[in-house]
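Okay, got some structures for you below.
In the two complexes that follow, subunit A is the common piece, with subunit B as its partner first and subunit C second.
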Partner chain A sequence: MNADEKEARLGYLILLPVFLTFALVIFFPTIKALLDSFSNLSLYNKQNPAFIGLKNYVGLFTNSAFWQYVVRTFVLVFLAVGLQYVLGLALALLLNEELPGLKWAKSIIMIPWVIPVAAMVVMFNWMSTPDYGLFNMILSSIGLEEMTRYWLGDKAFAFAMVVLMHVWRNMPFYAMMLYAALKAVPKIQYEAANIDGANAWQKFKHITLPNIKYPSMIVIVLHVLWTFNNFDVIYLSTGGGPVGKTEVLATQVYQMAWTNYEYGKASALGIVMMLAMLAFSTIYIKLVRSDS
Partner chain B sequence: MSDRKILIGKYIALIMFLLFIITPFMWILYSSFRTEASLFSGQFFAGGLTLKHYSNVLGAGQTGQFKTYFLNSFIIASISTVVVVILSLLGAYALSRFKMKFKDGIILSLLSANMFPRVLLLIPLFGVLFDLQLIDSYIGIIITHIILGLPFGLWLVKGYFDSVPKELDEAAKIDGLGPIGILFKIIVPITAPGMVVAGFYAFMVSWGDYLFSSVISQSLSTQTLPIGLNKFFGSSQIQWGSINAAVVITIIPTIILFSVLQKWIVEGLASGAVKG
Partner chain C sequence: MLKKKVMSLALVLFLLAGTVIVLDSQAHAFFGFGDDDDEDKALTLWHTEFVTEWPGRADVIDYFEKNNDLNVKKDYGPANYRDIAQKMAIQANTGDPDVVEGVLGQMFSYQKAELIMHLDKYFKDYEAKDTYLKNALDALTVDGKLYGIPYNTNVRLLLYRKSIFEEHNLDVPKNWDELVQTAAKINKLESNMQGFMFTTKSREVRAFQEFMSFYLQLNRNMFDVSDSGVELVATEDQLAQVLNLYKDMFFEGGINLDERGADWKALDYGYTSGKYAMVTVGPWIWGHRNGNQDRAEILDDTGIAAVPVAKNGKPGTYMEVKPIMINKYSDQPDKAWELLKTVTSKGMQTTIDSKRGVLSPRKDVMNSEAMDNWWLSGFAEHMDTGVALDPISWERQQNVIIKAIQRTIYKEESPEEAADWLHGKLAEIANTL
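And now, the complex of A and B:
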């Protein structure tokens, strides 16, 4: 055995615990779920589930409710990520101004991101309550009593509230990432543009945007994956209601598996979700690797 | 528009952002100290302030289980953090310093970890943990929480390792240090900030997890804070005062940790996202 082989062997040994963990918590469950998705596995036939081919998948695709959840999930991702990015970038640009007296702003904006979703949901629920919630108190105090309602339980507004919570929680993360990227833009580029007499918009378009393109893509793709797969924001705030108005794919998988105990069906839906995100994941990996 | 007006506009815009971010915190903090009469008055400032909600939550009353939730969360999040940091350290060292086959495959699965819907992974994992008799145990929950923290932690620490020049290793080797000595005497001190961030992240995601705990944990002996908050909330008589106090206590640990470590965290996250 030469020195290189010996070294590689030590490398494998060190990596083994990580590999075993990944195998246990990601690879094995994924393969098992894929197999289960072709069976009628449920709580009641755990010992002898039958192979039923593509029946679970056919059942999904021929169910109109499934397509509703697909559309709603994508609308949520589009709205949440879109708003998070636009607002996050605006906030990053404002932070980058280093306004005297407001420099401490940077140190508090990430707080929504570090608290548990379950806590955030109670905070927004408390603000939404009909008679003594903050939103309604503000509306009443400016003479808009007729607008007051239980915002999280309202058919027309529950979905907007879900988007709002996603934005509140993650927009600061975008802001910090983009702020870090803005800081890294060479000042000399702006100075050169100033000499050429460029206006603020031209500088933004031709210097700022190209320089933050890469971190922007990363943060967007990551949050597309995160929002698409997110379960607890909706489950804990509206439970998918009222009357299914905020139900998305992730909450459906959970309900199929842990309310109805139809593991086979739930696995099929989860596999469909995973395949849908494969494309985004590929983009993310290409981005990260092209850089390093 | 004059420069002065633009400047004022920027101040107003930033203050609006700050209000948007801070208001929910301020409101729940304030509400957690208001008397019941005051809470339900529909007025911004009415009635008095009280510590009653906190003594309810921390005492032995109806919500006395809160202390158990807190303790469970603390134990689970702390152990998850230690495990994630150790695994990240070992894995990152191997990936950054050793020539190996399958390295690409492992890096690929790290990066694609976000793609796997956790609601999906949970279904077969429940079966595995059931067979291992780990349902309703700390270990069962900790195993699932490692999925949340490890991919990011490992990736982040690997980035820090990669930034340590290999010449340092070579120099240490000449001084007679073995690989383990190099790891602990040379690399760990330099990459400490990365491990702090990985640790914070692991703690935060474990502290906040609802999905895995809600299925793996089945009795008070393992229920965590997010489960507890949701249970308070689901009870027929919502005790808003107590819930608000419980939320404040729940969010304080991660906020304090974040404040203490924030310079490193922001740097670490930025290097993860910016440098890749």
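And now, the complex of A and C:
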């Protein structure tokens, strides 16, 4: 055994405990969920669930409500992540300009992100209340009383409120990540562009965007996964209502597992969600890499 | 070189030790092994009254710890019933917790999942067994076996603002039509007050309970539970009648349409802040007076009346009974029973129920000085109209009932169409119970 092999062996040995822990806390539950998804496992037959093949999956795909939840989940992810990215990037560019009087903003900008989700939902709930909620008070004060409503209980606006909560909470995270990336862009590239007579848009398109591509990929992938699987914002604010208008796949998994206690069905839906996100992450990362 | 090897070996051993610790804790959670068999192993009690933040919490814990001789862990479990139910489903077979508090619907689920033990062998020799109200014990009995000991009970009643009724010379509504008319009248007469309020948020258990408070006047059961299975006995007409009450209330001026989708907090705090003139709630709302003079004044201005009765219905309302249960997998069932007795003792119930302002299922507690006040008397007077839920798990029914309410009040369907849909869903659920 040469020195390199010895070193490699030591490396594997050191990694072994981490692999073992990962195997137990990640792979074991995933394999268990996969196996459960082919059974009729529920709280009431935990000792002797029956193998039912693909019945849970067939049940999902032939249920029209499932496809509504799929569409709504993707719309939520697209709107929330899209708005978060655009607004977060705008904020990062603003911060990067080092404008006078904006230093304090860097200190407080992360507050929405560190507030617990439950506290954020309580806050938005209060702001949405019909009589004394901030949104309605503002509308009343500018003469738009007829527009006041309980925003989380209105079927035309509840979904938009859910998107707003996601954006409000996560935009600062995007801003700080992208601001850090902007700081790492070599100034010399901008100076060269200035000499060449490039305008602001050309500098943004050909220097800024390519330089922040990887940090952008990381925040987008992270937040697509997070928003796709997010359950607590909707569950705490609207409960999936009104009339199912904010029901998404994550709330359905919860419903199946913890309201109906149908673990087999919940596992099947969880596996479908996991595969969808695996596909997204793989394709997106490959696209970004092939582009470079 | 040797030093490097020793350091590397030490690092590997350290990481392996960490892994073993993680594996051990995971294995305990997954498979239920890894605990020591200590004779004096501490018992585990999960009880929301010990954990949820409320004004009487410190007194409850203090009383318990002074009057308990058993070795009980001081971590009293999750703060809400949903978390308790989830953790029970995952880990009850580890034997932890030994004793658990819950709500009635959960008890039926635990019983069906065989997570709790029946208490007949203990209860038959229990010296305090004759102090319990029969209907409270009946509510906790499944297939002739008692699965929990009740520690508080309540009925939903109509609470109303006496001064508003006097000022406008209004009578307390006796039936559903009067309820809608009175609520609409108050809405017109009072600029900053709404006549009535329903909870209608998705997945909000209170919305289900309010629906049942009215439904149970039309039919004492929603399902027929027998050895041969569960059968839906509610009729479409009965369901439509209750949904029509919701429609009338929202579309004839009793409740503002902006209030659709509100949760229990909006209702409870709305009433005690003077926003609503009438609500159907239980006695727990008394707790709002602690430390808040304005809310105390509104509660002092409150009248208590029976829930208005349906046309063709009988006086009735949703009765809640909260049980304390013993985990079937507890490795110390005898000690768990002793702990259960302490938690449901006269002193303990008096401490919790008097501070909560709720009724006790023990006659000796209800006759004590601490429980002698107009509020509890007002609720106790109507206790006989309380109807407990059928002894089955109710989680799925709750959701479809709330969906039917929302279909009606958001004008997705007429009450009759929503009732038709609800009837079908309830029948489907019955087939799987």
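The criterion applied here is as follows: the second predicted complex is superposed on the first by the 259 of 292 C-alpha atoms of A that agree within 3 Å, B and C clash if a C-alpha of one lies under 4 Å from a C-alpha of the other, contacts with A are read in each partner's own complex, and residues count from 1 in each chain.
FYI, a residue touches a chain if its C-beta (ideal position, glycine included) is under 8 Å from a C-beta of that chain, and two chains touch if they have at least 3 such contacts.
Because the structure is a prediction, the values reported are computed rather than measured.
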Next on the checklist: Tell me the contact category for A:10 with respect to subunit B and subunit C: first, second, both or neither.
Outcome noted: both
Checklist entry - Which holds for A:105: it touches subunit B only (first), subunit C only (second), both, or neither? => result first
Checklist entry - Residues of subunit A touched: more by subunit B or subunit C? => result B
Checklist entry - Once the shared chain is lined up, is A:131 touching subunit B (first), subunit C (second), both, or neither of them? => result both
Next on the checklist: Just to be sure I read the superposition right, which of the two partners does A:18 touch: subunit B = first, subunit C = second, or both, or neither?
Outcome noted: both
Checklist entry - Is A:150 in contact with subunit B, with subunit C, with both, or with neither (first, second, both, neither)? => result second
Checklist entry - Just subunit B (first), just subunit C (second), both, or neither: which does A:259 touch? => result second
Next on the checklist: Contact-wise, after the overlay, does A:208 reach subunit B, subunit C, both or neither (first, second, both, neither)?
Outcome noted: neither
Checklist entry - Taking the superposition as given, does A:241 touch the first partner, subunit B, the second, subunit C, both, or neither? => result second
Checklist entry - Given the touch rule stated above, what does A:158 touch, subunit B (first), subunit C (second), both, or neither? => result second
Next on the checklist: Based on the A-chain superposition described above, do subunit B and subunit C contact any of the same residues on subunit A, and if so which?
Outcome noted: 10, 14, 17-18, 21, 24-25, 28, 129, 131, 235, 258
Item to check | Touching residues on subunit A, where the partner in the complex is subunit C | outcome: 10, 13-14, 16-18, 20-21, 24-25, 28, 43-44, 46, 129-131, 148-150, 152-155, 158, 235, 238-244, 255, 258-261
Next on the checklist: Applying the document's contact rule, which stretches of subunit A touch subunit B when the two form their complex?
Outcome noted: 4, 7-8, 10-12, 14-15, 17-19, 21-22, 24-30, 32-33, 36, 87, 90-91, 94-95, 97, 99, 102, 105-112, 114-120, 122-127, 129, 131-132, 134, 137, 140-141, 168, 172-173, 176-177, 180-181, 184, 214-215, 218-219, 222, 225-226, 229, 231-232, 235-236, 250, 253-254, 257-258, 263, 266-267, 270-271, 273-274, 277-278, 280-281, 284-285, 287-289, 291-292
Checklist entry - Of all residues in subunit B, which touch subunit A in the complex? => result 7, 10-11, 13-15, 17-18, 20-25, 27-28, 31, 39-44, 87, 90-91, 93-95, 97-101, 106, 108-109, 111-125, 127-128, 143-144, 146-147, 150, 154, 179, 204, 207-211, 214-215, 225-227, 229-230, 233, 240, 243-244, 247, 250-251, 254-255, 257-259, 262, 265-267, 269-270, 273-276
Checklist entry - Mind pulling up the subunit C residues that touch subunit A in the complex? => result 8, 11-12, 15-16, 18-19, 22-23, 26, 30, 82, 85-86, 89, 109, 112-113, 200-204, 256, 258-263, 266, 275, 393, 395-396, 398-399, 402-403, 406-407, 410, 412
